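Right, I'll just put the structure down here and ask away after.
Chain nomenclature is as follows: A, B, C and D, assigned in order of appearance, with residue numbering initiated at 1 for each chain independently.
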Amino acid sequence: MKKIKYEDIGSILNPLKNLQFFARKPITEDLEPRPAAKIYRGFHLNDMEKCIGCSTCQKICDNAAITMVKVPHLKEDPVNGIKNLRPAIDYGRCCWCALCVDICPTGAIELSREYVHVCDGDEVDSYFILPQEKGIHGTEQEKGWTKTASNDLLARTRTDMGEMTPEARGDNFKEIVDGYTDEQAILEASRCVQCGMCHDSCPTHMHAPEYIRAIWKGNVEEAVEWMYETNPFSHVCGRVCTHRCETACSLNQTGLPQGSEPIAIRWLKRYAMDAVPHERIKEIVARKKSQEKTGKTIAIIGAGPAGLTAAFDLVKRGHDVQVFEALPKGGGMTRYGIPYYRLPDDSLERDIDVIQSMGVKIEYNTRIGEQISMAQLHTDYDAVVLAIGLQSGRSTRIPGSEHKDTRSAVELLRLIGNHDGDEAGFDIPRTAVVIGGGNVAMDIARSLARYQKQRFNQVEIIVTAIDELEKFPADKEEIKESLEEGITIIPSRGPQQVMIENDQIKGLKTWHVESVFDSDGRFAPQYDDSDEQIYPAEMVIEAIGQMAETELLGNTLTEQLEWERGRIKVAQDGSTSAPWLWSAGDCVNGPDVVHAVADGHRVAESIHACLTGNKVSDGKLNDE
Amino acid sequence: MTNNNTEESGLQKLQACTSLKDILDQATDFERTARDFYAALSPKVSKRIRYLVDELVIEEQAHYDLFKDLANNPEIEAQIKLEITTPPGNKRFSDCIQLPDLGDNPDDQTILQYALGREQAAMDQYHSLAESTPEGPLKDVFTFLAQEETEHKNELEKIYYEVVHSGGV
Amino acid sequence: MNCDEINVWLDTLLEEINEIKVTRKSDRRVRVDVDASSLPALLELLKGKASYVHLSAISCVDWPDDEEFELVYHCWSYEAKSLLSAHTRIPRNSSEEFARYVSVYDIYKPAGFFERDIYEMFGIYFESSPFMEKFILTEWNGPPPMRKDFDAEAYVNETFNWAEYNPDWLQEITEEGGGIAIRPEDVRL
Amino acid sequence: MRPENYQAVRLPSSNEYEIFIGPNHPGIEGNYAFKLRLDGDEVISGKADAGYLHRGFEKLMEGRLWIQNLAIVPRICVPDPVPMEVVYSLSVEAISDIEVPERGQWIRVLQMELSRVASHLFTFGGHAATTGMYTPSYWGVADRDLALDLFEELTGGRVYHIYNIPGGVRRDIPDGFLDRLGHYLDYLESRQNDYDNLLFTNQVFVKRARGIGVINKEQALEWGVTGPNLRACGLPFDVRRDDPYLIYDQLDFDIPLQDAGDALARILVRRDELFQSVRILRQIIKHLPSVKGPVRAPIPNPLAWNVPAGESYSRVESSKGELAYYTVSDGGPKPYRVHVRGPSSMHAVQVLENVAVGARIEDVAQIMFSLDACPPEVDR
């Protein structure tokens, strides 16, 4: 670089040198708008199909420029985490920082390369725009600033939770996962964008955004308080909930190169429940109990999640509740269906203990229909709730399925649930085939695997179902962990016959399934009988479906009630066609813990309204 | 009345038929028998599963009406030709299902198995008749009937799945 | 004198002052917490004897829960290549018009600017500072706005009106049964 | 004070009178005013008057999430916005112990230097214009615009880049960017002669600038002068060298000096500095491709980001001098306090008020521009 000395004032001719510039070609710029750079931050675009209406863009907007607008003709699908809200931008406030783009969970919102908008004072409404696929003037626009893995602002990866290795857990029923530590929980909670999709998708509408925020703030007691607003089975649901919330979670995105895992909402719930001492939880919950007694009495049949949730709500409101349970302990399917390694006994006990501490009375080993009749309950109580679950396993009824060693999964799980520790309550087969691809199939297979490991130090279990592996109704984790534990899974097989020799089961004959559903999505399997296999087994276990045991109703009541496709017909509020009888839980909705909890609330609400005179049940069903 | 009886006597009667109308009349008769059987069963089963039997009554009634209308239709041949251009696929799903004795108080699964077996039998029967009949209007009418029964069976299979496989959790 | 020597010297120097806490945060960052009464003496020593000739800034932090203002004097030594931040706390004097402290203008001239800024924004009166007058907020008669108890957003909402938009597309959506669902002010985190 | 509330005063007892220049005046840099007391055309005293641009940024920042402030910090100094983003990010990183990946650090320095180039070009033009020479101001703005094109390509925004983020920068450089940057540097170097002839060695300018607004070494230290203004007094201090941040310690550059401490010395320091920046940028073009890895370290979800309690005084060398942010976190989702210390807090107020004394009225604007004062740093 040429040095200029301070003293140098330059030649007297220097100013004249500048005359040379007259000879230079002038530079001319067009008046037309120049095309903007490739990643220009111009006006917004929004892919209306990709956008899920989570309003995260609105929360990050530093100028409060985004208003969420309800667009009725768009899809509203809470179960899959889609709202019909879309961001509208106030260009009087927007500063084009593109933080909305960087934080968008789906990558729907983007900035275009369009940057010219002119209007008169009386057209000021043109500053308020609902961005769509086309630019703000309705013309095709190129994309400018878009989401890339680099500028994505969300933490897409779930915080890992410690768990036992397959080797460590293979021969015992200890709970597999460790649960989050304080640091892990706060980190995981910090990933939440507070969109509320989880709340909307949850059958019982848990206040997940609120309790996640409370966990993030380190206030676990507040978190527990939020949970008990809607779910007295938070220990249980914190471990085994089907967590639709996580399906609906805005962070549950495929289609992004960087991947995106939903918030571990279930594990956060588990964390908060475990982080607060049990006695303290009881104190927190007791604060909500009504001090006044109504003098009304309610009988509830079945001490599972639906029955006990209803009981919890009703005692909270000052009613007197008596629960009858046929089995020796409470919890229903959560105890007699779910193995300890997924849901340890004491977690369930703690949930039930909180409920009982509110004044719910439970009579165990009392089978309605045998010891006490329905008619008696009708006479003795102001209202009766039927929450009997689905206790009976369905059979394929293929040839050989009537053999004594063809067992139902629910029956075996009940036996296991009734025994402690290493005792199963039945003889453990050296080899077994489980028919079914749901969580029940995995539960029995994995329980059996543990017993086999203990007794024979090897696992010889095949799980087979007609579905393809991707379509198995079981949770992905269950399948993964089953495989880790040495269980063989053979998908796409149709069971044909249980092979029996000398009155001993020898195996299960199956055919290959070419396709399961027809073009309407209804069940219509196509088999290939040339591909036949026989899986050796001493025991065949059926886990294809369950049904309710409604014999307790007796013939008269069965005839009185209205039914709907094999289930008692109930109105939205759980009331049956008998004005004194409500029904809730799996026996009306199909199997799902959190759905049962939601149902419990619903019938409690209806009964409370009915008994306090706010609503008269006329026994007529108000159809949905 | 056992299934075998129905099947044999039905087959003999059908083989004796010589006109399209005869065949359809016979078929209509079978549907009527089935309808009456289910109608008689309905009050005997628990109200919980009565819907299934009632649906079967409606189904059989619909078949009965269809065949009867066809038998009385002067353009019977043309109608049948039209129907058999799109045969449904035959699924082998229920092949393995045994025909149970219904007993006094059958459950939903038993009833469905029975109904499936019955449709299977009818379907097989019409199929084999169609195969053994030379080309012509008679063959067409058997094909048509086989096709109708196949469709009915497929429908029942779907119901079977929805009832029995309630989706293991 | 090289940096290390200055640092050693600084440590000895700091021992001369009462009630002082020295935290060495990194090679070039020293935090000193000092009693309000000792701060001017410290600055005098720093500038006069320890080569901290450059007062980079005076920062003020309001701690209403403690009823205190924190004043931070950021001093830079071109020789030692070290930034010393001297922290002190003074009473907030919430019941009176001003909190009060002494000016260090006679030690560091740049203090004049910062003291006036803090006077305007936080309401701290610096005795013997030459510029205790309005500068930026000449036409503002409200409370010192940087104090935590002044809510700027609330002030704006009370004082100004927001324009409402009602474009055609919004009217159409509203007729369909939709419309504005969440306003930005509803979700401020 | 609002201009309409001000009445020019002629003081009856003497020949002195007061005038008010700004806040809308071509000789004033930005929205700023300067009240002068004159005797004839000689300045007796001057008084800076701020407040025309006050947006309460420091207050606003306390009400916004840590990351939201990225959108407002560059607005504190329009001609040189990058250091504002970088120093804010540095302060947040210092408190939360975030290490910026090396590639991110290099890209930050790239922007810092390019921003310095753009800012200096702007200042040349402004300074020249106060002496009545308008061509350099057209040139300066036009050549700066080419730098803005590069910024647009790199960051998506021409003036407010909003490209730095705690942890690094938002995205990597586009393909071919370094080539285009190289072409721009070639172009700038090819323009050196033109600028020299037109401005730096042009008697029309040199004679106007020499001896104007003199600051001596002692005054410079006493008044807290920093940056090019300090180096024009012969004091070789530069934050990049003395208190290095990012990867400045890996770069080879000189610190241009002048001794005279006047307007000419200051603009000559800036001229030389511009070409030192070109030199730094050439090193970056050469070195950056070999620095692999991410451009930013992950940060928590910005909507739920509690920066740990703590404080940081972060400094950088902006084109105007020492720029520092004192940032305090109380462990919450928003800054508890951010104090912006811009170099112009000194240059545009006390330094200007002192240096203007004794000057002639026609030189006041030049003095202000030669100090490269940026009023929004005062007003914030």
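To be clear about the criterion, a contact is a pair of C-beta atoms (placed from the backbone, for glycine too) under 8 Å apart; a residue touches a chain by one contact, two chains touch by 3 or more.
No experiment lies behind these values; they were computed from the predicted model shown.
Listed by label, the chains touching chain A and chain D alike are C.
Separating the centre of chain C from that of chain D, both taken as means of CA atoms, is a distance of 22 Å. Separating the centre of chain A from that of chain B, both taken as means of CA atoms, is a distance of 42 Å. Inter-chain centre distance (chain B to chain C, centres taken as mean C-alpha positions): 89 Å. Residue positions of chain B touching 2 or more other chains: none. Counting only residues that touch two or more partner chains, chain D has 65, 303. In chain C, 189 are the positions where the chain touches two or more neighbouring chains simultaneously. Contacts between chains form some other arrangement here, matching none of path, ring, star or all-to-all.
Interfaces, counted as pairs of touching chains, are A-B, A-C, A-D, C-D. Note for the complex: chain A touches chain D at residues 1-2, 4, 6, 8-12, 14-15, 17-18, 21, 27, 36-41, 56, 59-60, 62-63, 95-99, 102-103, 111, 144-145, 148, 150-151, 153-155, 187, 189-194, 213, 216. In the complex of the two chains, the chain D residues touching chain C come out as 1-2, 48-51, 54, 56, 58-60, 63, 65, 221-224, 226, 235, 237, 242-243, 303, 311, 313, 315, 322, 324, 326, 328, 333, 336-337, 339, 341, 345-346, 349-350, 378-379. Within the complex, the chain C residues that touch chain D are 28-29, 53-57, 59-62, 72, 74, 76, 78, 81, 83, 85, 108-110, 112-114, 117, 121, 135-139, 145-146, 150, 152-153, 189. By the touch criterion given at the top, residues 64-65, 67-72, 135, 142, 149, 152-153, 155-157, 160, 162, 170-172, 174, 192-194, 196-198, 200-204, 206-207, 210, 258-260, 264-265, 268, 271-272, 275, 294-296, 298-305 of chain D touch chain A in their complex.
The touching residues of chain A, when paired with chain B in their complex, are 242, 333, 337, 390, 394-399, 409, 436-441, 473-474, 494, 496-497, 518, 522-527, 529, 543-547, 550, 558-559, 561, 563-567, 590-592.
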